[in-house]
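Listed next: structures, encoded as structure tokens.
One chain, chain A, appears in both complexes that follow, with chain B as partner in the first and chain C in the second.
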Partner chain A sequence: MSALGGKAAGGEGINPTGSVVGIVILLVSIAATYALGFSIVPLIGIIIGGALIGFGVHFVPVGGAPAAMGQAPGIATGVAMLAAGAGLAGLFGGAWAYEATGDFAVAVAGGAVGGGLMMAITCLMVNATYVFAMGIPAASGKIAKDPITGDTFPEYKSQGTEGHGLPFISFFGGVVGGFIAGLGGTLIYIELLDVYHAGLPAIMQANPEAIEPLAVSLAGIFAIGFFLVNAVLAAYNITGTIEGPHDPKFKRVPRAVIGCAVASAFCGLISMLIVLNTGM
Partner chain B sequence: MEEIVLGIGITALAGAFATVAGAAEDTESDIGSQGDPNSQVQLAPQMGYIHRIFNKAISGEPPAYGAWCAIGAGVAWALMQINYNPALAIILGSVIAVFVQGIYCTSGYLGRIASLAKFQQPVYIDIIKSLLSVTMAHAFVAIFCTVAMCYLMASALHHPFALPLLGLVWGIALGAAGSATGNPFYGKERQYQNQKYGAGVPISASGNIVRYAEAGQRSSLDNGWFTTKFAGPASGICFGLIVFLELWRTVLFEKMMGGWGAIIMGVVLILVFTFIDRWVEVWGRKTYGPYTTEEASS
Partner chain C sequence: MTAKMEASAGAISENTLMIYGIVVALVGTYLTYLNVVTGMAVFSFFGGIGAIAAIWWGSDTIKHLCSYGLGTGVPSAGMVAFGAGAIAMIAGTKFGMASPIVTLILAAIIGAVIGYIANNVINMNIPVMIFSLMKLSIVGALTMLGFAAMCTGTFMFNGLVIGGMTLSMEPAGEAAAGGAQTFMVTVLPEFAGSLIGGSALAVIFFLGAMALQHPFNACLGPNESQDRTLMLAIEVGFLSMFVVAVMSYAFLDMMAATVGLIISLIGWFYSYKQYIALSKRDAYAWLDAKPIIEVGGHE
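Right, the complex of A and B next:
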């Protein structure tokens, strides 16, 4: 691995054979869910949520180890971890809003705003650290001019580096990424919670109030699991670092969306099998 | 009304816990060298620079803190189920989580440094002896504060998640906030203190970390002392703001407009932080100005 966290290694295009295999797995998962007597609507929700997480992760500006030395722009931590942190903060807000209001739209929007808020604060503190503590202005290494503010970067980039800090476009990407990831995570949580609410009382032969904490905990832990699966898949697609929506690597996003949808479909099937009523 | 006043009080207390947790978390990770800058600590002996820096990065901070806080919260939750006093349960849970952290640090240091044996990097037993207790103490503060904050969310604010699940969620968020804010300061400002201030580290300098202190070789305790000057408090502010504002907007505005009040407030907060960020960025560009050729070539 190079000091810059690895150059593009996976290519940009979509592998047709891999995609067909993936879509077959996705369809088989949906068919199996239907054949086992579950409604496929929650699974569709889970698939959309997973794809949204994979999509959102690509917006988050992550610089990894090079960013910690001011050698590359972005936030100095891992892709999957940062996205998971933001998404889980969103999941916290979304789950709370769902409990309080029971309104699907409010809960999903609450999750999205929670993730966006976490990323906005984190990105601000990253820039404050670079500017006030390290005396380093923000500069992108991938583009010469910020598409939103019009700031130019080459003259603000110190020699021997690929840029540093968080230019405004990266800040914007971080907030949008947290927003989308929080939305996707909360969507998965709500779909799973509905499945468990309906299924758990039947298989455990208990009343719905008694299994409420179990249903919430199961849906929560599975939602976190989905988060990590999709964030790690997206991180593999990114290979190392990404600056945000303006980065050339962002063009790889369709591949991640397909991969995350397939993984979410299969994991969604597994997570529903817990409440499979086998009649025993 | 009384419920809202209590909610605001709990929110403030949780925010304060989060601030302390963030500061302790970043300091712990800098003393233990767990964040991304540890790539340089690992790289240095391979470039011929033998050092006495602690090195325990088996995983990133978010999953590590997710595990420790979930363990602390899980044990505390189990003890509370058998009617332990919550304060005692949280302390005992955090103590057990800290022992797990200690085992992790020891195996992390020995494993990581032993893998550098072919580059003549020795395993210093005195480093384990002197630094392990320091990282454990900081980790205790971070885990205790996080678990206590989660307990407030579960018991006083009635969040639907169980305490261990809250520990996992906020442990991961704590690690994400702490590593994002604190890593550049530890990596650039401390490990590459010999490089020019106000510029990134040239890629060609990778691995040449500062290894000597005022007297003798630099220890990771010196790094903790240095990073508490900015990175620790900044991480604390970051995590404290995240927790405080997330709770604040929900507690105060959840009831308005059928739940949309909290969301609108969240969007307003995001816009406020966006403006502050833009101001910081422009301030940096105006104050420092572009790099000149003379500076760049010297």
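Right, the complex of A and C next:
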């Protein structure tokens, strides 16, 4: 039983059958939500939030173990950890903004800025470590020229590596990725919070002010769960490392968007069952 | 990130582990109901034992999934397990006495959907993907339910959301047993002082996720052996249980929480010794560390 199977195929392109079945699951989740008497607007918000997380994670430059050894560009950890860091920072920012202002737009923007800021700080410190501690310049192995600054890479790239450090395009990708993922996470949180605000007082027979901490905690824990599920699905789509929006793997992003939307729709349906009056 | 990971052929088959894991986790969680039957909260620690059984089984499942080379590292599997498990567990606790069973079924359904997405929409094409993610979601949900039951003394929604959190040392047996403190009709329940309302569940979430992802992540390699990985799972499980026992001082009475604390400490001590013994067995050589001998200035 040793050496089960080989390397994961992880092929390019979209699997038509799988995607169609996925979209059917999504539509059935929406229909079931409607049939159970909930408004479908929060579920749509959750689906959009999940798709945004899946989309945003692909921008983040993930280097993994090779990056820690200076053999590949990117931040030296896994996708799930980075996405969780950026997304949860965004989530906290957004949740705080919602608590303070109660304004949807301000809260979502707060979440996006929180996620982007977290990634900007991470990328800055990662590059400081690479340049001043490990003594390596930033060079991408996938492209010859930075699409934004026009810096050239081949003359700085060490032989036998795929590049190293964090070039500007990767830094830019990290900030954009944190921005989008933070926005998605906050959107999920706010939609869930509204559902629980409306539904919990009725089933718990308590008044809305008393139920406030419970609604916030439930929405927060569910949002963390949603975020991790979506981030790991996106990580599976990336299969390991990605340099940022210029990486050829970025072309796989439609699969992750479909996958995360379907997963969010189904998990959203389950999370709304909490406020369904089961009589127990 | 493409280091070759091999799953060792173990003495215990995967299905045997699954049966033991599910049965012990469910029985352990149900045994916390003895709190209600007897009116004492001392049976809460059974929830922790159930959670450890789930982690023990889950670390073997992670081994089989990750031997396919996901490219994302072992911890991501633990994270998705608990992300899906948290959703199933909170939704499942709504169903009263049937909660553990409903949690298991809900987790299996969520896991199957996520597994299908990973395998067919995202094109992972890993044969064990759907079944593995189903099992991991169940592990995540049952672990969280077990630890939540240990922490509060009940596995039902009302007990988890209506405040039992108290730092006074008076017996809170009724709160633990019935799941709710007795309030005057006009007084509002303290939702903020509960396991979920106070977000203490988030701590349990990550305690469980770390215990699940760590054993195979630490033991993988050419001479990974099943009994050592599983012993490490039990050891980290007891370590997480210890923290949950400390948390349970806020919800349970002094004696019940201390019983949990002592059991987790004894379990951790025993499994740690066993794990060290197994590591010595599997190691090529075991050299006890000694301080570097200083030769002195000019010799």
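Keep this in mind: the second predicted complex is superposed on the first by the 268 of 280 C-alpha atoms of A that agree within 3 Å, B and C clash if a C-alpha of one lies under 4 Å from a C-alpha of the other, contacts with A are read in each partner's own complex, and residues count from 1 in each chain.
Criterion: a contact is a pair of C-beta atoms (placed from the backbone, for glycine too) under 8 Å apart; a residue touches a chain by one contact, two chains touch by 3 or more.
Just so it is clear, the model here is predicted, and its values are computed rather than measured.
By the touch criterion defined above, A:241 reaches chain C but does not reach chain B.
By the touch criterion stated above, A:21 is placed in contact with chain C alone, chain B being left untouched. Using the contact criterion defined above for the overlaid structures, shared-chain residue A:78 touches chain B and also reaches chain C.
In the superposition on chain A, A:255 makes contact with chain C only, not with chain B.
In the superposition on chain A, A:232 contacts chain C only, with no contact to chain B.
Legend: residue contacts after superposition of the two complexes on their common chain; A:137 is shown touching chain B, with no touch to chain C. In the superposition on chain A, A:65 contacts both chain B and chain C. Looking at the shared chain after the overlay, A:204 reaches chain C, while chain B stays out of its contact range. Legend: residue contacts after superposition of the two complexes on their common chain; A:88 is shown touching chain B, with no touch to chain C.
Of the residues of chain A, those at positions 3-4, 64-66, 78, 81, 84, 213, 217, 220-221, 224 touch chain B in one of the two structures and chain C in the other. The residues of chain A lying in touch with chain B in their complex are 3-4, 64-71, 75-78, 81-82, 84-86, 88-89, 91-93, 95-101, 103, 106, 109-110, 113-114, 116-118, 120-138, 149, 151, 155-168, 171-172, 175, 213, 216-217, 220-221, 224. Chain A meets chain C in the complex at residues 1-11, 13-15, 17-19, 21-22, 25, 64-66, 78-81, 84, 204, 206-207, 210-214, 217-218, 220-222, 224-229, 231-233, 235-241, 255-256, 258-259, 262-263, 266-267, 270-271, 273-274, 276, 278, 280. Within the complex, the chain B residues that touch chain A are 35-37, 39-40, 43, 60-63, 158-162, 165-166, 168-170, 172-173, 175-177, 179-189, 191-192, 197-206, 230-231, 234-235, 237-238, 241-242, 245-246, 249-250, 254, 258-260, 262-263, 266-267, 269-270, 273-274, 276-278, 280-281, 283-285, 288, 290-291, 296-297. Residues 1-4, 6-9, 64, 67-73, 75-77, 79-80, 82-88, 90-91, 94-96, 106, 110, 113-114, 116-127, 161, 188-189, 191-192, 194, 196-199, 201-202, 205 of chain C are the ones that touch chain A when the two sit in their complex.
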